[in-house]
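Sending over a structure as structure tokens; questions will come in a sec.
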Amino acid sequence: MTALLILFLTAIAVLFAGLNNRSLLQPLSLIGTLLALAATGYDLFGPGFGWGAEYAAMFRFMPFANAFAGVAILATALIIALSGWGFRNLNSTLGDHYGLILFSLCGALVLFSFTNLTMLFLGIEILSIPLYVLAGSRRDDPSGNEAALKYFLMGSFATGILLFGMALVYGATASFDLATISRVIGNGDQMPGMLKVSILVLIMGLSFKVSAVPFHFWAPDVYQGSPNLITAFMATVVKTAGFAAFYRLFAIAFPGAESFWSIPVALVAALTMTVANITAIFQQDFKRMMAYSSISHAGYLLLAVLAIGTAGADKAMLFYTLTYSLATICAFGAFIVVAEQTGKSTFDAFNSLGKKQPLMAAVLALSMLSLAGIPPLAGFFGKYFLFTAAFAKYPWLIVLAVINSAISIYYYFKIVIAMYFSREEGPETAVELPAGIRWAVLVGLALIAWLTFAPESVYGLI
Amino acid sequence: MAQYLFLTLAALSILAALGMVFSRNPVHSVLFLIFTFFCIAGQYILLNAQFLAVVHIIVYAGAIMVLFLFVLMLLNLNKDTEPQKSTIWRITAGIASGMLLVTLVGALRGGIQVSIPENTNDQVGLVENLGKVLFTDFVVPFEIAGILFLAAMVGAVLVGKRDLKA
Amino acid sequence: MLETIRTIPIDYYVYLSTILFVIGVFGVLTRRNAIVVLMCVELMLNAVNLLLAAFSTYLSDAQGQIMVFFIMVVAAAEAAVGLGILVMIYRNTKSTDISLLDNLRN
Amino acid sequence: MSLIFILIPLIASAILLLLRPAGLSRHLALAATLANLAATVYCLSCDYSQGMTCNFSVPWVPSAGIHFSLGMDGITLIMLVLTNLLAPLILLTSWEHKFDNEPRYYGLVLMMLAALNGVFLAQDGLVFYIFYELALIPIYFICAIWGGQDRIKVTLKFFIYTFVGSLFMLVALLWVYLQTNVNGAHSFAWADLTAVQLSPTAAHWVLVGFFLAFAVKMPVFPFHTWQPDTYVTSPTTGTMLLSGIMLKMGAYGVIRWMVPLAPEAMHTVDPLFISLAVFGILYASIIAVKQSDLKRLVAYSSIAHVGLIAAGIMAWNKPGVQGGIIQMLNHGINVVGLFFIVDLLERRLGTRSLADMGGIAKSAPKFATLFMIIVLGSVAVPLTNGFPGEFLLLNGVWTYNFWLGVLSGLTIIFGAVYMLRAYGLVVFGEARPETERFEDVNTREFLVLGIIAGLVIVLGFFPQTILGLTEASVDRILSAVQL
Amino acid sequence: MGVSFIVQEIMNQLIPLIPFLPLIGFAINGLFGRRLSKTAVGVIGSGALLVSFLLSIMAFNQVAATGAIQVSLYQFFSVGNLSANFGFLVDHLSVWMMLIVTGVGFLIHVYSIGYMHDDEGFWKFFAYLNLFIFSMLLLIMGDNLLMLFFGWEGVGLCSYLLIGFWYTNKEYGKAARKAFIMNRIGDLGLLLGMFMIFQNFGSLTYSDIFAALPNIQLEAGVVTLICMLLFVGAMGKSAQLPLYTWLPDAMAGPTPVSALIHAATMVTAGIYLVARFNPLYNLSPDAMHFVAIIGLITCVFAAVIGLRQNDIKKVLAYSTVSQLGLMFVALGMGAYASAMFHVTTHAFFKALLFLAAGSVIHGMGGEQDIRKMGGLRKAMPVTFWVFLIGTMAISGFPLLSGFFSKDEIFAYTFAHGGAIWWGLASLGAILTAIYMCRLLYVTFFGEFRGTHEQEHHLHESPKIMTVPLIILAVLSVAGGFLNTPHFLHLGNDQWLAHWFNSVIPMNEIHLDASTEWMLMSITTTLALIIIAASYFIYGKPSNLPVADEAQTGFTKVIANKFYVDEIYDALVVRPVEKLSKLFHYYVDIQGIDGLVNGIASAVSSLGAQVRKLQNGNIEYYLLGMVAGAILLMLTFWA
């Protein structure tokens, strides 16, 4: 709650600062996010500000929400730290950018804590609307325009679907309150058809937000067309928020109906992993590949939703989103450098990066290995926790997930291969590395290392 | 009486909606949509939600649709020039939508259970009651919606304005 | 008790909304003009609004109508942003035909 | 104590990878491996009759029952001897070879050694799995950066293939883990995992999962096709690490993990597993008979030898397991020697094709002699190191099933056929212009090959020194896990 | 504490030296031989053997005085019950073999100093020879089957090294490999036999096995199987059908090697093995029968091939195969001691013949084809005389060594097998006499048929070669008196059989003296007739062997060794090679790897299809979403 206020105020401050002094924007945003992070930490580890349950009918900042908020704020902070360069061509709209990112983050925070469907809806919209704009923020760039339009059209279409589901839930349970809904559903043995339909329709709407197959079509195009940092933001914060919302909704409102919704969710999970991974094999563009990667991770994360009711499902999801976000941001950090040097985003831009930029190459390589879930990196623990949580209920799905993570090696390693094993020289223009990127990436890397050696510190958090 | 009214409005709204979807001229679409909105407003009145009906007319017909119309005019799209999609595509889309409808209705059929209370409250849709609920129970979303508006505003400005030195 | 509640089963409203919703979906699928697509989305939202209002009345519960307000808020915000994006694209491409936008692909 | 084996190479590796001391990297790497060797020698004197010693355990993810626990017994000890004895030798084989980016190269080698030691020491299921996979990454990089033709494709296939295999192990491990119950929580500790009583069906699948992982790694027919290409493509050091040490992880895993975890179903599946292993012996041997590429020939011979190890171990009787353990060590020694010889030939002649060799005996008698000794070890001539292991393994398989024993016994014939053919084609015959000036081994090469040849003979005469070290541990595991 | 006890203790310490002295000789010559003078190498090599021989004599005396000696050095390995010591058993049987091996071996070493004098691998040759003696001594002195197996494989290895001694010749290399591999086939049988013995007796040590034998009940089938498996080992080592083809090819090695390994010692290891396990064989009539049949077939078959060979060493090689067959006949008849007796005499005269042949080859400058020889008796008188003695001995000329040893076998054959067995065995002997005489006459009689250069070069061999020849000739003449038959009453009747009594219980022949006289007369008469007749046949230039191409009909078949090598090639070697290619290309690369790659490409082609969905067109995306929605709705009814 405190963090939400800090972020909102920071966003306002940034909007005003953008009118006068643009050099202040990045530090200001960074300070704001770090303050919010500190506030979340205070809630999480310390005595807390004590208004966790103040507005419990609408949102509730309990450890779950705080921990996920920590992940999202941390990811945003790192992205802002990376932004020194990525946004430099934005001129007069720079302030709006930081502001919108922070607004979007506010939406994410709502999604971590909602206890009412109204808040879920508003949270999703607050998260999404700034992103529609940000995706197209390079106004003269046709790809950005196209991305923005695709995102927007499909996003509002999905919003319609989601709302239809909410309306049906309301009709069946006479409430938007998650706890009440759960009470009405009871153990789920006398669910009216309307409620069932509503759950299905909600799965559709949320699947879009987390880019699960077959509602994932927007993701590759939008990821590719958006500015790099916005893509990173979408891949990390938006994904985390979407899953937290998905998880909360189903864990709080629909646990009784699990036997009904587990089938479609499992189906979506299976489709998501498989389609994303086998499509990713063909990609030649780093951002597109990362988009499919993020879709495939959505497939794994759905396992946490499926594991609702098992001890450790939420822990696993928290750990997974954190490691996934860190690795993705590190990868984008390195990619920004490459894109700056070569002006390309295809894999051959990475050729012999291992020699030219050993640090960035190492960061990227470790990120890729972590995303692929290669032991002992943090990504492995993420997968491990997820798989363990869902294993007892869905062994076949775990086997599928395992096969898919093997397939994923193929495309993650393409980058590694290009960086270290290719004997062709990639195109290059010498570029000075800004301190922000270096530090952001190093911090991300340090955190990945930390999670590798001490997974308990996050896994044991909630 | 209410039944007939409902059916009339329903038929009109469906027809108007179809008209919007099928008319080739975007401006006609807008007008059909506005007509649909009016039908829906009629339904609201039928449901004793007068305040909602008013707001609906003001916001949708009065603001949003005018905005659409404005943009259409601005971009000079008020002609029948919109290229049509191929017939196969339209049939495919029709089949898809039809199947969606069939599955939805099929799933809903017989499963619509709304626990209508014994003593219904006719005052629910009145402005006084709504205001009370909105500013007590729903004050948080109300505030949060502020963020949404601010964000949308900033966003609209961002995409709309031109760089001074581009 | 309201005459509507007595004479019209709630099912009617559910079916009507569903039909309107699907018409919206159909419009989204078939129209090429982004503005009209957006309008179809608005139709979908209105179908939902109608459903919520009906439930609200039948349940004698105000929450549904409150939700309709929020949806209207969002619809307005979305319309603003969406039309902004459309105008921006139109400036670049002189078209609002969504079929022409396929540069981003596998 | 156990931790030292992992820490020394890991720290050295970190120094090399992060600080990149250009000139000193080889020396640092050698020093680290020698330090490990010294530690191993020290451990020879421990008492292993009472079960695990040198235990080390810290909680890693306590809420998920994962502890970083290490420990060693006689079996582990032999594997450590294998790893840490071969490591300096392997480094010496490429001592004069200039690698691009030497610190990185040696850093990766050391990282792999740390992981290998970890695999053998791990007492926690997940720690085992993690080290098992961790070993794969450095070797993948080594092979893909410094490898030969087609390296990218071949190594990626190798990586994915072996990775997929071990994922099945992970799934099986998870299954067992979820059945554990230690005060209401799950645990990965070896003792807890083995205490689980699985249902026969579950045990069956668990075995299959583990078998797939180990069968790919060793490799056992028909999961072997990654291996010849990878061996051929890798730089020789990589091939040595792979064949000398890494594939032993699989065999070790069978002894330590696969069978103890799910002995319930061993009866139903081991006929299949052992038959596959035995068939693989013959299959690889027959292929080796006509190979024209020496490195590939040694690669196929390795499949055959390892097939025998696998069959013997899975027979799960004392001669089989003891023979398997001693043979892992000896096969490691021999195969490193053979690959070093291949490397010498390739570097001097620029070819690995047997058709282009011959007549080296005259120009390089020392080389020919040492080569002979190593070939003899590989062919398992008595009083060389290959014999005791092969004898015990064959006895083990034979005890399991008469006809499988007979079939696997054919390996002694085929082994002689292909190794002697290769030896004959390389060393005998008329000298060619290219082979006439073949330089004999220099001092360093002589040292390495001499040590290997010496080990071939000494271990051939005194196998009991090794067998005695493992006897108590093998008895312990065999009596604890009865099929 | 008596003196004899102290002597015994000393002997116990010295016994390990007997095998290890040659090993030390091998080590010195192998490591430093290149830098030593040839004299030094020869002295070290032969000296080591001489000392071993002397020690063997001491051991012989000791065994005679106190019985078997068992010395254990250390535990070789111990896995559960399966344990074996590195230990020696010197009993009546093994000490006798030791004497033969070290004695004949010493003579051959000395001979080699002359024979190999000009070879650049001189030091290597001696090193290998010493290594061979070491292995052979392990084989016969080991106190358990594992030790025997060490020696068993060790001699195979040395045989490989020595056959391929002239490594630049690829054919020689192939011959060497063939020898090793064929031996290994036999070794597998032996190995499995060992496993079975261990399984049934719980030990590999002879003393344990034989001690346990009376106390355990074994199924007849098991005993037969054990005996058969052991015999498979013997077949390989002792070149019996069908594993004999390596031995003629082994003649690629230097001649002393052929004499030492492929005639006198190594090939008799199979006989030793069966003799050693006589208590076991006695329990299995089937196995003995099998041994006898294989022996008999080999005996006649090889002799027939020997009739048409023109390479001086090949003839001797087939003769060896044939004689070994005869020994197995003896074993199969239960005449273990007789077989050992024939081993002894055969060692003398076959070593003699080979060395003499070596001397001829030496004199002829490397020529081995008897068609290019002739009339050598003038130029090489010593060689001629010793060769003559050897030929007579092997042909069974009365009172020479072969006469006694063969005769004893025939007697047993008649007694245990009956007239047909006896007749066939005698046929082998007759054929032996024919081809040996042919060899003798063609080589040493008539006119010289070689080139002028060869004629000019022709010379008698130096003393260092002829002296061992003479010693062996003396042994070939006198060796028969070690074990004269009882009915002749020559004073030391059945001495050798008595000597072996503690290991091989006496197996009396139950024939009356008159029958024995008759049998002996028949074979002797036949032998004499043949010796005489063949002089007239092969002495004539017109009856000289014709060139290879001119051969026709059955002779051609014989000259081509019944095409056995070709048959093996077609039946075993080429199928395996074809299988190798099949496995490699079709199964491995295209089959299994193809499947693996196929899975990968299936995944990617699936991906290629799936990715077409992502065609950049938003309507398709929306339609996809609707389709997905329908799909999810369908789960409503799931």
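Observations
A, B, C, D and E label the chains in the order they appear, each numbered from 1.
We take it that a residue touches a chain if its C-beta (ideal position, glycine included) is under 8 Å from a C-beta of that chain, and two chains touch if they have at least 3 such contacts.
Remember, it's a predicted structure, so these values are computed and weren't measured experimentally.
Common partners of chain A and chain D, by the touch rule above, are E.
Between the chains B-C lie more C-beta contact pairs than between any other two chains.
Distance from the centre of chain D peaks at B, each centre being the average of the chain's Cα atoms. Geometrically, the chain at the heart of the complex, using CA-atom means, is D. Chain B and chain D have Cα centroids separated by 70 Å. We define each chain's centre as the mean of its Cα atoms; on that basis chain B and chain C are separated by 5 Å. For the pair chain A and chain B, the distance between mean C-alpha positions equals 31 Å. Chain E has its Cα centroid 37 Å from the Cα centroid of chain D.
The multi-chain contact residues of chain D, meaning those touching 2 or more other chains, do not exist; every residue touches at most one other chain.
Residues of chain A in contact with two or more other chains: 118, 122, 125, 129, 132-133, 136, 139-140, 148-150, 153, 157, 161, 171, 174, 193-194, 196-197, 200, 220-221, 279, 282. Residue positions of chain E touching 2 or more other chains: 611, 614, 616, 618-619, 622-623, 626-627, 629, 633, 636. By the definition of touch given earlier, these chain pairs are in contact: A-B, A-C, A-D, A-E, B-C, B-E, C-E, D-E. Touching chain B in their complex are the following residues of chain E: 619, 623, 626-627, 629-630, 633-634, 636-637. Residues 25, 28-29, 32, 98-99, 101-106 of chain C are the ones that touch chain E when the two sit in their complex. Put simply, chain E touches chain A in their complex at residues 603-604, 606-608, 610-611, 613-614, 616, 618, 620-622, 624-625, 627-629, 631-633, 635-636, 638.
Interface residues of chain A facing chain E in the complex, by the touch rule stated above, are 149-150, 153-154, 157-158, 161, 193, 196-197, 200-201, 203-204, 207-208, 213-215, 217-218, 220-221, 263-264, 267-268, 275, 278-282, 407. On chain B, the positions that touch chain A within their shared complex are 104, 107-115, 137-138, 140-141, 144-145, 147-148, 150-152, 154-159, 161, 163-166.
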